[in-house]
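Each of the next two complexes has chain A plus one more chain, namely chain B in the first and chain C in the second.
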Partner chain A sequence: MGLEWRLAWRNIWRNSRRTALTLAATVFAVFLVVVFVAMAAGLHGKMIEDTVRVHSGHVQISGVGYLENRTLEQFLRLSPPVVQVLDSVPHLVAWAPRVVAFGLLSKESSTQGVALLGVDPKREPQVSTLSQRLVRGAFLPEGTQRGIVLGERLARNLGADPGDVLLLYSVAWTTEMAYELFTVTGVMRLPEPALDRKLAVLSLSDAQSFFVYGDRISEVAIRARNADDVPLLEKELARRLAASSPVPVEVHGWQEVMPELRQLIFLDDAGMYIMLAILVIVVAFGILNTLLMSVLERRRELGVLLALGLRPASLFRLVYLESLMLAAVGLAIGLALALPAVLLLQGHPIPLGGDVEAAARVFGMEPVVTFRLKPLNPLGSMATVFSVAALAAWLPARKASRARPVDALRGL
Partner chain B sequence: MIPAALPGRFGRGWRAAARVLALALASLPGLGVLAAAAPLQPPPPDVDAARIAARLEDVFRGQTSYLDATMIVHSPRLPAPRRVRFQAWDDRPHKRSFIRILEPPKDRGMAFLKIQPNLWNYIPRVERTVRIPPSMMLQSWMGSDFTNDDLVRDSSQLEDYDHRLLGIDPRPEGAPEKQAWVIEYRPHEDAPVVWGRIVAWVEIERSAPLREDFYDERGERLRTLRFSDIRMVQGHPYPHRWAMRPLDKPGHETVIEIHEVRFDESFDDSLFTQRHLRLGR
Partner chain C sequence: MEALLAFLGALARASTWRMAGRNALRNPRRTGIVVSAVAVGLGGILVTMAINFGMVFEMVQAAIQTELGDLQVHHKGYDDRPGLEVRIQQSPARAQDWLRGVPGVRAWAPRLRSQGLVFSPRASVGIDLVAVDPSREARVSVLPHSLVEGAWLDGEPRRLVVGERLARRLRVAVGEKVVVSAQDARGEMTGEAFRVVGIFRTSSRELDEGAVFLRMEDGQRLLGVGSSFSELVMVAQPHADLEEIRAALAARLGGDLEVETWKELRPVLVAMIEVFDRMGWIVYVAVFVAMAFGIANVLLMAVYERIREIGILTAIGMPPGRLVASIGVESLCVTMVGVAAGLAIGLGGVWLLRDGIDLSAFGAGLTAYGIPLRIRPVIRASDLWIPLLVSLVTALLASLWPALRAVGIRPAEAFRHG
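Presenting the complex of A and B:
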């Protein structure tokens, strides 16, 4: 066994230029895989954080059927056991109750359909960044009676500014007409155009009295430490609430609340993995080529080994070992280069400039490229490169072990 | 006047699209009504569905009509049914109508003016007039199961639809001793219409309306309007009780009881003005 290892190691370096080229290809592939996967993880992590922090939160608790219908019909109540669960569950950073409903906002001759979000002005800033997105006025200052904050496009479409009095118009929970005058306290700029055109924020208590909704709420938005904690938090909340909430509730992670974000990330990932797969296949052919060449070059030598009594299985192992060693060396160098680079970039996001920066700002994203190294990234790279090397070595190894000593020695 | 149900949130188009797709697959259009109704007798070949529809419209609305009515909203959310008393003036040739709320006291003086295609709502308590955008025509009227579109229903039932006679119902629901035409209304390709199709039962003998089923564009039946208590008024066999039941909201129903109806009076133009809207009579 020790002999095979030594032989394999020496064989690799017999044609050092070819080996160096193959190694370079492997190193390059490993480096790219690790860096790209880290970049995608960083980008997607940032997309998730930025998006859930706009308003949805990482996790939402709502009445049964709320996600499909989103009407006043689906509700829950903040009963003491529910509050106790929210205050004690691990991984939860903050929570905020809300009423979500639809209405018409009208100013003189212009009327707009709006998505109303009734929020607790104290709790909401801990969960969402709505209150930080003001461009004019204030976010429901304390003591305001019937104040409302509008998305910038909504405000523009209505021709409304802070201080203006608007008529809010809808149907109450009790099926009667609901109408009330609200004063615009602020205007906020929201990254998502659809939201910016439609969202109007008012206080939870105003929303509850406007809709004659009692102490009902539509959802509790929850902020987790980060998106990685979401599956755990979701499961834990569902378990505890099932035991303690007097009415059945549903718990949904951001993937369910914003399936379009999940799909966007999935698409983006798919594109990247296809590209990386092509890269890895190219490297696989490089390894295959190197080994095949070296096996063909060594026909006589391998024939002698066989004639001297080396068993074909040992020869097969020998060639296989050569391949795996090549892969291991390439992987080691690749990771040695990529990991420090990624760790460095993780601490120092690359700022974007020019058009890209402007585009990113439009979508409400910080114009930086961030990197994030997840443990699965180097492990996955390792597994991929090793299995590719193993696959690529199969053909040359078989060819070597099947050679007939007589033919090989004759140089056929 | 907004929904109890508006699909999706914050205009997430794709989710709505997915729902459309799912529902389209789930309910192949056309099968629903025929399966639900009693077996129909084939219609005689010489009957024109469009004429039946036109006659129905004449019976139901005349040239002009005045209504005094009470709307009763039943909902599991309410401890007792909610009642709304109103008067309505419908001027069919000019495609305009006017509605004034008399009760409850909280909403007294509230008024609706429709001059096609615009709808305004005056709210005396805050002294404001709201123009209700066309996109809101399918939303609830006064929190009932009727929509804005229902209350200011214009002649589009004749102009914007193709009519087809599906057959004769020998024992129509609610009036089993009478026979009824069953007519299907399908909107023209680009008609500004909110329903995918409507199926109406019309009593053959007097051309009185018996029932209307409303379907969305995916072929799913959303609600049923049943007419009953048909009494002759100025030669019109007029239903004095309309009951609207939304099929997606169990326990909800809105009934309109007609106290008085008068046909073909001439209405003054000043009735259909913004000024009149603000005169809380």
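Presenting the complex of A and C:
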């Protein structure tokens, strides 16, 4: 066995140029796979965090049927047992109650339809980044009565600035018309254009009195440490709330609150993996060709080995070992280059500019390319490239084991 | 310099190509593997890119065909503050005069837009109010032809067509009444009851859950705007030059109106196309770099095999430029056969998928991003010339090392080698 390993290792370096080229191809493939997978992980992770943190939260609790209908009719109450569950469940970083509704906001003769979000000014900043996105004014300062914060584009469309008084008009929970004057306290810039054009934030208590909603709320938005904790948190919340909440409630992770985001990520991943698969296949063809050539070149030598009594199975192993060693060396160099690169990029996201920036915002992303190295990435990349290389080596190895001493000797 | 001249001269000679072609065929198995690597790689990428671009293309098409049209006329300032205040203060019928003598416009339709609330006995939702000329709208938009229930607007007053998602949220069916409420041009709240006559489904979630369509006359009365309107949507003849139409129309409009193409109305769509273009370059270059290693490897092998032969050629006075050219041409031949096969595979794949790929299995949520549920792959000219250009450069670069190695072979070394 030891002899075969030594022989294989020496054979690899007999034609150092060829080996260098084959190695380079493997290194290139490993490098690209690791970097691209890390980029997708970073991009998607950021997409999730960005979207979730702007507004929806990692997990939401709501009344039964709220997700499908999203009207005032589906509500829940923050009864003491519910609050107790929220305060005690592990992995939960913060929670905030909200009222979600529609309305028309008008200033003089201009009107805009708005998505209203009634928030608890103290709790909301712990869950969402809304309050950090102010560009003018303040976020519902304490003691303000009937203050409202507008998305930047919404403010522009209305021609409204902090201090202006707007008329809010909607239908209350009692199905009566509701009118009220609100003062703009601040303007926030939201990354997603659709949200920037539509969102208006007011205090929870104002929203409850405007909509004659009593102590009802639409949802509780919950922040987890990160998206990876969501499945666990979701399950635990559902279990505890089912046991202690006086009325049935629903618990939904971000994947259910925003199914479109999950599907977009899936589609994007699918496209990327297809591209990488093609790349790896191309490299595999290169490896196959090199090995085949090296076997054909050595026909004479292999024939002599067989004539001397080496068994075909050993020959197969010898050639197979060569290719696996080659692949292993390529993988090692590839990873040695890719891992530091990705770790470096992980700390230094690449900002995007121009057209790409605008396109990124449509999909609700900050225009930065971030990288994230998950442990599965180098392992998976290694396993994939290695098994493809092993597959590509099969044909040349078989060819070698079938060499016939007579042909080999006659051939040259 | 001399070497370069010899190189260029050799490229022009038919014998160089014949020799390179024969050399490539001396080891058919080896050449076959390189050719198939190039073919499979290029073919696969081509199909993937075509599907990707097909998605973008459908997104753009869907936006143009349901909302944007090819061009729109607005009163100046509407882009900055879209709303009821900024209107075209003329009757929609005037469009006939504007468009007289403007070539290339196939159809036009006026719209009046504002925002309001719609409520059923069960729920209320904020919506975009779009008042249209029913028969003209049907010629500029696919929305009137995308009904899943009921019928499109006709001449009857106080009728409403709503999106499928909106109908679900309001829990109304065709034939039932809803109240539409909005602020009119004087700033007063007004409301009227409408009967839902049709329910549509498009690939835009924004439209499906947030827009209602009504007759122009109903909209103008409800909003108290007389006979004025918000925008004129135009659809151009196929292959018409939008810039030409814009210039011709702008010359006929008053100074307070402006014409814009869909590219200006929704710059993000243009940005998306450009992002995909750039992505195409990255992908093609990455795959061809991967191929370059394989190509270089094979040529290097070929040079080694022929050390003796090359030595003889050098000894009898073959200029190095010609030697480099013959290896470069061999590389080109092998690569180009692969590229041709790859293009054939790619185009064949696209042809097989011409009926489109059904994405509805992934769920309807994609429509939130305007991604349609059926994607037909689209091949563009750049999908053909970028790989051709990249492969040309790749083939020549990959032949560089082997060629230089060949030039470095000294006759004495070659004879010893044999």
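The definition used in the following text is that the second predicted complex is superposed on the first by the 382 of 412 C-alpha atoms of A that agree within 3 Å, B and C clash if a C-alpha of one lies under 4 Å from a C-alpha of the other, contacts with A are read in each partner's own complex, and residues count from 1 in each chain.
Here is the rule we use: a contact is a pair of C-beta atoms (placed from the backbone, for glycine too) under 8 Å apart; a residue touches a chain by one contact, two chains touch by 3 or more.
Everything numeric here is computed off the predicted structure, so don't read it as measured data.
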Do chain B and chain C fit side by side on chain A after the overlay, or clash?
clash
Between chain B (first) and chain C (second), which does A:Thr71 come into contact with in this model arrangement: first, second, both, or neither?
both
Touching A:Leu343 in the superposition: chain B (first), chain C (second), both, neither?
neither
Contacts for A:Glu260 in the overlay, against chain B (first) and chain C (second): which applies, first, second, both or neither?
both
If you stack the two complexes on chain A, which partner ends up touching A:Gly271: first (chain B), second (chain C), both, or neither?
second
Go through the superposed model and pick first if A:Leu181 touches only chain B, second if only chain C, both, or neither.
first
Residue contacts on chain A - larger count, chain B or chain C:
C
Taking the superposition as given, does A:Tyr169 touch the first partner, chain B, the second, chain C, both, or neither?
both
Once the structures are superposed on A, label A:Val100 by its partner contacts, choosing first (chain B), second (chain C), both or neither.
first
Can A:Leu195 be said to touch chain B (first), chain C (second), both, or neither?
first
Footprint intersection on chain A (chain B / chain C) at 69-73, 102-104, 106, 109-113, 115, 169-171, 175, 177, 179, 194, 259-260
Which bits of chain C are touching chain A when the two form their complex?
29-30, 33-34, 36-38, 40-41, 44-45, 48, 51-52, 80-85, 114-117, 119, 121-128, 168-169, 171, 181-183, 185-187, 189, 205-206, 210, 267-268, 270-272, 274-275, 278, 283, 286-287, 289-291, 293-294, 296-298, 300-301, 304, 359, 362-363, 365-369, 371, 405
Spell out the part of chain A that touches chain B in their complex, as residue ranges.
69-73, 100-104, 106, 109-113, 115, 167, 169-177, 179-181, 192, 194-195, 197-199, 259-260
What residues on chain A touch chain C, complex-wise?
15, 17-18, 21-22, 24-25, 28-29, 32, 68-73, 102-104, 106, 108-115, 156-157, 159, 169-171, 175, 177, 179, 193-194, 258-264, 266-267, 271, 274-275, 277-279, 281-283, 285-286, 288-290, 292-293, 354-356, 358-359, 361-363
Which part of chain B faces chain A closely enough to touch in the complex?
1-12, 14-15, 73, 75, 77-78, 82, 104, 106-107, 110, 121, 123, 125-126, 128, 130-133, 135-136, 139-140, 142-144, 249
